[in-house]
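Presented sequentially are two complexes of chain A, the first with chain B as partner and the second with chain C.
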Partner chain A sequence: MINKKKLSFDTKFELMRFTVAILIAIGLSFVTILIVSHEPLLALRKLFLGPVESFRRFGNVVELAITLSFAGLAVAIMFSANQFNMGAEGAFFASAGVAAMFSLALPLPPVLAPLFAIIVGGITGAIICVIPAWIKMKWGASELVSSLMLNYVFYYLTKYFAFTKFKDPNCGFVGTFKIPEAAKLAKIVPHTRIHAGLIILVFVVIATIFFMKKTRWGYNLIQTGQNPHFAKYVGINTGIVIAYSQIVGGFVAGMGGAVEVLGMYNRFQWKELPGYGFDGIVVAIMAKNKPQYVPLAAFFLAYLRIGADKMATATDVTSEMISIIQGVIIMLVAAQAFLSHRRQKMLVKEVSKNV
Partner chain B sequence: MDEILRLENITKIYPNGVTANKDANLSVRKGEIHALVGENGAGKSTLMKIIFGMEQPTEGNIIYNGKQTQIKSPLDAIACGIGMVHQHFMLVESMTVAENIVLGAEPGKGPIPNNRAMIEQTKEIIEKYNFVINPKEKISDLPIGTRQKVEILKALYKGAQVLILDEPTAVLTPQETTELFRELRGLRDMGHTIIFISHKLNEIKEICDRITIMRNGTTVGVHDVGSVSQQEISNLMVGKDIDWNIEKNPPKRGEVILDVKNVSVLDEAQRSILKEVSFSLHAGTILGIVGVEGNGQSELVEAITGLHKADAGSIKFHGNDIADSSIKQIREMGLAHIPQDRMLRGAVVNGSIEDNMIATFIDKEEFSSGPVLKTKKIRSWSEKLIKDFMVKTDGPEVPVKMLSGGNIQKVIVAREFSSNADCIIADQPTRGIDVGAAKFIHRKLIEMRDNGVAIMLISADLSEIMDVSDSLLVMYGGRFVAYFPDASKVSEEELGQYMLGVKQQTSEEVKGCIA
Partner chain C sequence: MSDLLSYILTAEFGYSMLRVTTPILFAAMGSIVAESSGASNIALEGNMLFAALFGAIGSGLTGSVFWGLIIAIAGGLIISALLIYFGLYLKTDIILSGIALNTLASGGSIFLMYVILHDKGSTSSIKTLVCPNINLPGIENIPVLGDILSGHNILTYFAFLSVIFVWFLLYKTKLGMHIRCVGENAEAAASVGIKIKSVKLVSLLISGVLASLGGAFLSMGYMNGFSRGMVSGRGFIGLAAAAMGQLSPVPTLIASLIFGCADAMSNIMAAMRIPDEFVKLIPYVTTVVGLIVISSWRTWRVKKKRIAALVSAN
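Let's look at the complex of A and B:
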């Protein structure tokens, strides 16, 4: 009984804290824009209202949020095992390329085609993300460093295959052949590019929450991440747990890459690492590694990004502005002490009310 | 005598809504050793953390040296001359004794500490207070008792006049405790004031001048130690009479459950720490292992439980050699283990009580079908354990780090005792647990033994081990040096001589512990 009250208090407080963090960040960007811009009012309007000015633009926010959610989930799973694996970045890129190549190499009927392409993308991501964990177990090398290095290995490998064997000579820029229509994810909202990946995401989010909270696998993963000595002592095979945590995380990242290319593009044409893996870290931190908060954090970041884009195209403020806001929010969300004073006051009131 | 510190009507509400202190009052005189006692979760550590500036009181005043004082952080406390040694140590293991002692107040100009001066000053302070430690040794190489001294010196180096010791003896052997008491008396004679928390009332009778008793977050009285008996103290703590008697029938010795033969363990430098030890543990008996810490007990426990495999010899559990068995397999064969270090191995402090209690059961059919957890069953199970083992908390969702030290230990004991094992390795099972709860655990151990469980009990608390065990083995220098088939026929003095290696039985006598 006391607990229920307590929990609702905590959620209430966290919500308030997040809102205040956002308000502060907005205030800060407001000041910055006033300083750097000749047309501050327009810039602000574009930044905060740009994404909702038209239905299509709001669609852009959702599209980006889908991608960022996959990345955020992947990172949250890997980080929960206390592995600082940056492989999501390489996994996103490679699996997008592999999914495109797969659907070109093996044409399948609709539904089956994207399904298999996404699974193959997932497997690609899983392999990429488990390698750093394996290297660490075998030779004790930091997964942080090895995964960063490996990202480049997979980046160049994917580029090599995609842009030699599958290169479309008739295309005006460097890219693969067009992905067969049967393999592409259907658009599900008219007048936007929001695609069936959204439905897949909903399933993946629910599956991840279930995996982390309601299965032995998730339980073992969390214990291993929080105290490996304890995990070993109670009989958990920590080596296996770390391996599958990176496999599952990598699989989700790989699905994300595949969904992105099949839902948003006509062909695989990325020339550089897209940065989604690193955005995934930002999302995971904002969501405190909790899968249920990942879509919210992803939506929020996507909104800011699209707003910043609109601001940059319409005014003299560059979209890098948004990095500042992002930095401030992450800092405030991550800082335990922020508003803890206020929390204590609220709490004392609450407790004395109950006594 | 002058009063040096007074707490007036301290109330503390933790961020999770728990009221840890309620109108607590404390008055400490200069130059006394003042005991603070109370059941697990009574609020002792919290009150001390308030004095040391680690927690802020929600209400109430601190009066230090006659002046009302705000202690906003440990830095403020240190500046006032208050030092604290915590229930769970806070040393940097990879650094040396000297580095730890001066940490935060390094001698030398600028950012680079002056190494020579550091060693010199450390030596000076070690000599001044009559301690025996080598300043150049690494913390990770030191036994617990010595680490504790480093903690004390660390506070003294920073000029502590008032020294708070939160359960300093919980982790010490009797010999180390004697030495600590000698040093504490020395400190008192030099004019230092000491606040001493302990669950061992005999220690309090031995070394303290006055005693303040806490119950449910508040202080319920202060007495001269000479004027109250141990029985009275514990009754005041609990608020009712507690039953001190432990009933114990003669053991019904069953078959051999655990058979250890010529087991050796080497350390990293290939020196042998455990030297060809052999013994057998029978169903329905409690075998006590005594010894000064660092004589091979931990290695023996780790070899049996599979945490660190033996380098030579054989360990048979239920007749099966477990050399190649995983920890999980050994547990599934029926072994439970209460580990020595509750914060390192025993618990996930960030996890909930429930997460901690279910850890070794999660694979059982009762609690999961396939990979899916039966959350309702898990919930009611942990609620039952909380009740049975009297863990003081709001519920199973509370994170373990928000429990008091003794209650964390209860969570671990509850988990291991309820695992239906037929062999329990209990390493310091009542460390940090209050008298009443310790008696409860002793009774449980005996009850399980009467039901045919084989129990190996390792404890630094001699009276505990002599009360509970049926037979005793003494370890010294990685070997068993004495075996007493009937624990009730040995005196503490005699045990002490074997523990320190002064006396030794013939190898024939010791072999009595095999089969």
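Let's look at the complex of A and C:
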């Protein structure tokens, strides 16, 4: 009975704290715009209402939310094992390139073509993300540093193969040949670019929830992340848990990269790391590593992003402002001591009410 | 290949190696000071980005190299202040805070550059002043050695002096002793009256200043001006160098020189006919391999010690 009360109080407090953190972040963007812009009202309107000004723009939000959901899920799974693996960034880039190259090298009939390309992308991501964990297990080197370095390595490797072996000489910019129509993901909502990746995402979210909550593997993963010593004590092989969590997370990141390139582009043409790995961290932190909240958090971030793009094209405020907001959101949401004095007051009130 | 070898054996190569080691060395020393107190400074990369930006604009606006450097350090310390506030006071996981601050700095530097100069690519519209090069009297006249060691940017000499500074700070001062105590066993340190939070705060600040000097070198020495993303992982390479050097200044210096050598080699190979992408990944591959070698050597040594202890116990 008491236990149940405590739990609901904690949830209530967490929710309150989360809301305050998001409000502070939004307030910060408000103040920033007021300071730097010559037309603050227009900038604010574009930022907060730009995405719903037309159906097409709202479509953009959903398109981006699909990508960010994949990134968020991948990071949530990897961070659940308490591993600061940044590999999702490199995995996204490399598997987008690999999926495009695969569909060019091996033309397959419709349905099969995207299916295999996404699986190949997923495997690429899994390999990239398990390497830092493997290095850590085998030699004890920090996964954070090695994954950051490997991101650059896979970035340059992918660029080399995509833009030498598969480069389209007739293309006006640097890019691969056009991805065959059979391999592309179909558009499913008219007048937008929302593609079949949305359906794939729904399956992946459900599968991840099932994996984390209903399987022994997911249970061991959460135990290992929360308290590795205890997990070891009760007989969980934490090394294996860490390895498969990075493989599964990497696979999801790789799928995300493949879905992105097959759904949104005609060819692979990324010149820089897209930053989705880091966006995935914001999404995962906002969702508290819970897969069921990932799409919501991804939608929120996608909304801000598209709003910022509209703001940047219409006014003198650049879209990079969102990185500042993103950084603040990560730190505030993850801050253990944020509003902790309020928690005490709320607890006293709650208890005295019950007495 | 023989071209490469004959180039590496020139004094010019030695000179360029010391030059490209500079920012890595500053970052690595910054990492040592922070990590020794048990507070990881992952935000080094962000420190460097902000310092590079502020230095480029600051020296241009004030027309003074000295004030440019001060502004660069102040800019870098904005990131440190946020790291301290969130990591130490709001108890956000300090590694996560560092990651968040790097994200903030990468976009924030472009955002600020646009606000101040209306340019999203570089600070080319402003004339950045470069820190002076120094000829070492006496040494400059020695053949070969003089060409390698003399005529560097003043910040390069500061970087190498910072190794001595960090060694002196950690091993010869009271503050350094406190930093190492807190890092090794915070509770024990607290029980003898050391203020954990203040010690971590000071070490993160020193770390931020060192990293900022590395960032300032990039825009006020290595290049003259800031361009987006110009730090490109050097903060992380510094982090890896400190990890390889097991947080001791001299081994970390050696690790930084190895990475600097890889970086300098990639600069030469760019001039040869090796694909650009392969050239660019050399420093990063070297870092990963270096990290693996040192970590495996360390675990091997621990194992050996344990076996030796077992043998002697029996």
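Just so it is clear, the second predicted complex is superposed on the first by the 304 of 355 C-alpha atoms of A that agree within 3 Å, B and C clash if a C-alpha of one lies under 4 Å from a C-alpha of the other, contacts with A are read in each partner's own complex, and residues count from 1 in each chain.
Criterion: contacts are C-beta pairs under 8 Å (C-beta built on N, C-alpha and C of every residue); 3 or more make two chains touch, one makes a residue touch a chain.
Model, not experiment: these values are computed from the prediction.
By the document's definition of touching, of the two partners only chain C reaches A:Ile285; chain B does not. More residues of chain A lie in touch with C than with the remaining chain of the pair chain B and chain C.
In the superposed model, A:Tyr265 lies in contact with neither chain B nor chain C. With both structures placed on the common chain, the touch criterion links A:Asn237 to chain B but leaves chain C unconnected.
In the superposition on chain A, contact of A:Thr164 is made with chain C only, not with chain B. Once the two complexes are overlaid on the shared chain, A:Val328 sits against chain C while remaining clear of chain B. In the overlay built on the shared chain, the residue A:Ile135 is in contact with chain C alone; chain B does not reach it.
Shared interface residues of chain A, touching chain B in one complex and chain C in the other, do not exist. Taken in their complex, chain A has these residues touching chain B: 2-3, 6-7, 9, 214-217, 219-220, 222-223, 226-227, 229-230, 232-237, 340, 343-344, 347-348, 350-351. Residues 13, 15-17, 19, 58, 305, 307, 326-328, 330-332, 337, 339, 344-351, 355, 358-360, 362-363, 368, 371-373, 375, 394-395, 397-398 of chain B touch chain A in their complex. By the touch criterion stated above, chain A contacts chain C in their complex at residues 36, 84, 86, 135, 138-142, 144-146, 148-150, 152-153, 156-157, 159-160, 164, 278, 281-282, 285, 318, 320-324, 326-328, 330-332, 334-338. Those residues of chain C that touch chain A in the complex are listed here as 42, 82, 86, 89-93, 95-97, 99-101, 103-108, 110-111, 114-115, 120, 233, 236-237, 239-240, 243, 275, 277-278, 280-281, 284-285, 287-288, 291-292, 294-296, 298-299.
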